[in-house]
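Both complexes below contain chain A, partnered by chain B and then by chain C.
Then we have the complex of A and B:
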């Protein structure tokens, strides 16, 4: 009973870590662009990228199937040129989780970058520091708390991802069956003990992440 | 110093547009640009530092062309070698006094160490009586100390000229008088060219030099004090 549960937990952690890592890199880049860039369609882009937060995960899963499935544009290209088939792999679960959780990192990063006074960046520029140096030495140190809080929420959301994941990665025990999907399967099969254990593990992980996120949330003084 | 500015820009804020059409030549070590708030002084100063890009025109500082739209010259703010004192000082809130002053001396992707030992930084810490607060964060400083840190941060890099945006506006009246005298003495001692913008006639009177009056984005009067 415990071993499959631990396998599912390990898979969930692996998927969530990869998804969060991808979201962190992309979310910081796009968040910075939205906070500092002045271009037409900025708010439209923000709205489009926020869609995964409000759309039903099954709808997202369907979109993903259309794009990365064997007959989809990206899926067909991957299959024909690299011989890769994403559907029903843990990588597909990573993509699903990354898409669903992306708005959380993006929102956090954009808001955090917007709180950084532009004048501080200008001061650094006049002092001769390169653009990337300004980002690493001024912008990021002043924004990282907000970014990290959003990232932790994205991690929690990735851990709990169910609908989109089920559609693109399926429920193969030991391969694509994450914690939240294993809970569903256990309940369906009437295995209450397994379900209880899985639910406890999931709840504990989520509480832990939320506590961490609230401790790091902006508003607390830097020295705290 | 010789400074030659001839720039035009149109600024839009919502439905409002503001036309900046500034043209002046200044010589000497002290230049004051005086005008009411909203006259375009800050925009003009930012353009000299390279923080905003005018639509057209030319900026020349001590023989160096910093901006020339027609010739396609636009030197980056990093390479203009000007010091800039922001109105509210823009000290880095996450760095202590020593790190703030050393900021421009340290190249690359990392901030200067908390307890550095650079001769240039030590010199300015001593000159501005900031030794005792070297390890403190900007939020823990008094108004006068903040201004000194900002001045030290700009001067340590040995800029070709110092641009000052309303340097005394953030201070209370008593402190304002003292800091004016300090800046006056500093300029005499270093003999560094300074271009100061202000809306306070007292600043213009005390700081002296060449005083240009600005209104509605243009220079309308020139005096020598």
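Then we have the complex of A and C:
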């Protein structure tokens, strides 16, 4: 009984880590763009990218299914040119989790970049530091707390993702059956013993993530 | 403002006993047929209302076992109803088999795959199959038993993507996300433009749907009326329209 549970835990961690990694890179890039860029439709772009946070996971799952499904525009292209099928793979679960959790990193990163004093960056430029150097040595060190806070929330959200994941990745034991989906299957089948074990593991993992989060960002509030 | 609040409160409270509501938990494969059946029942019982709750049979048993106020349970196999009886959820002597069905293998309408027997599924080109989860969905149990008898379950099992109900498996095939799937013959009618039945699956036990009044039914009299209606000639005529046959 413990082994399938640990497999599900491992899969949840793998999916959440990948999704968070992708979100961190994209979220920082787009967050910086939104904080510093001046272009028409900036707030509209922000709103569009925040949608996954407020939309029901089923709506999101349906959109993903239509886009990356075998008959969807992206899914058909991937299948015909690269021979890749995303639906019912753990990669599909990563995509679902990454989309759902993306606004959390984006919001944190944008707010963090906006609080960085532009004069400090200017000072560095005057001293001859390159643009990339300014970002790496001035902007990022001042913004990382806010970004980290958003990233940890995104990780937690990815771990718990259920609705959209079930729709695009299905529930294949050992392959796409994450912790949250395994709990659902166990309850559906009336296997309360398994469900109890799985929710205990899930709860323990969540507590661990929260404790880690407060350790990594000690002292003042990280709400940015 | 206060008036609006009171109106909202009144709307949120359960209605009085003047019009009775009978809650029917039914197997997902009965979705289309029971919607029409319920309308006909309501027409024959003015003032009464049928509330329908569809899911795979085992989760329905779990809901009832956890205290859901359900009057009638209609299951897609004997095992789910046996579980309900073992948990003492069923009213004595009310269980009846009311329809029979057939299990079929379906493929997406555009697919050229045409297996002659179940053994033809065991080829490289068939990468993904679907049916309900055998742990909680009757169609999955019928399919698993048939494939075990054919001696290919162990080889095919890793290729299965399980649906939470037969209708989810039907949707997977209709969208072309899997190569083939096991559903009931009656389900094909619900997606007849998108899926095609290619094989009638020989099941190890007959596909007969039991229905029963529940022991803790809030409306036992109306519940019995609904069960009798499914067995009556007008009820059976509606069920036949959707492909269900007399048991």
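Methods note: the second predicted complex is superposed on the first by the 211 of 224 C-alpha atoms of A that agree within 3 Å, B and C clash if a C-alpha of one lies under 4 Å from a C-alpha of the other, contacts with A are read in each partner's own complex, and residues count from 1 in each chain.
One rule holds for everything that comes next: contacts are C-beta pairs under 8 Å (C-beta built on N, C-alpha and C of every residue); 3 or more make two chains touch, one makes a residue touch a chain.
Quick caveat, the model's predicted, so the values are computed rather than measured.
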Touched partner set for A:141, first chain B, second chain C, both or neither
first
Contacts of A:190 with chain B and chain C, given as first, second, both or neither:
second
Figure out whether A:211 sits in contact with chain B (first) or chain C (second), or with both, or with neither.
neither
Let me test your reading of the model: by the given contact rule, A:48 touches which partner, first (chain B), second (chain C), both or neither?
neither
Counting only touches as set out at the top, which of chain B and chain C does A:129 meet: first, second, both, neither?
first
Report for A:69: first if it touches chain B alone, second if chain C alone, otherwise both or neither.
second
Give one of first, second, both or neither to describe whether A:25 is in contact with chain B, with chain C, with both, or with none.
neither
Go through chain A and flag every residue that touches chain B in one model and chain C in the other.
none
Could you list, by residue number, the parts of chain B that touch chain A in their complex?
46, 49-51, 76-84, 86, 88, 90, 92-94, 103-104, 107-111, 153-154, 157
Touching chain C in the complex, chain A uses residues 65, 69-71, 87-88, 166, 170-172, 184-185, 187-191
Would you mind writing out the residues of chain C in touch with chain A in their complex?
56, 58-59, 61-62, 65, 83, 128, 133, 135-136, 160-162, 164, 172, 175-178
Which chain A residues qualify as touching chain B in the complex?
117, 119-120, 122-130, 132-133, 136-138, 141-142, 222
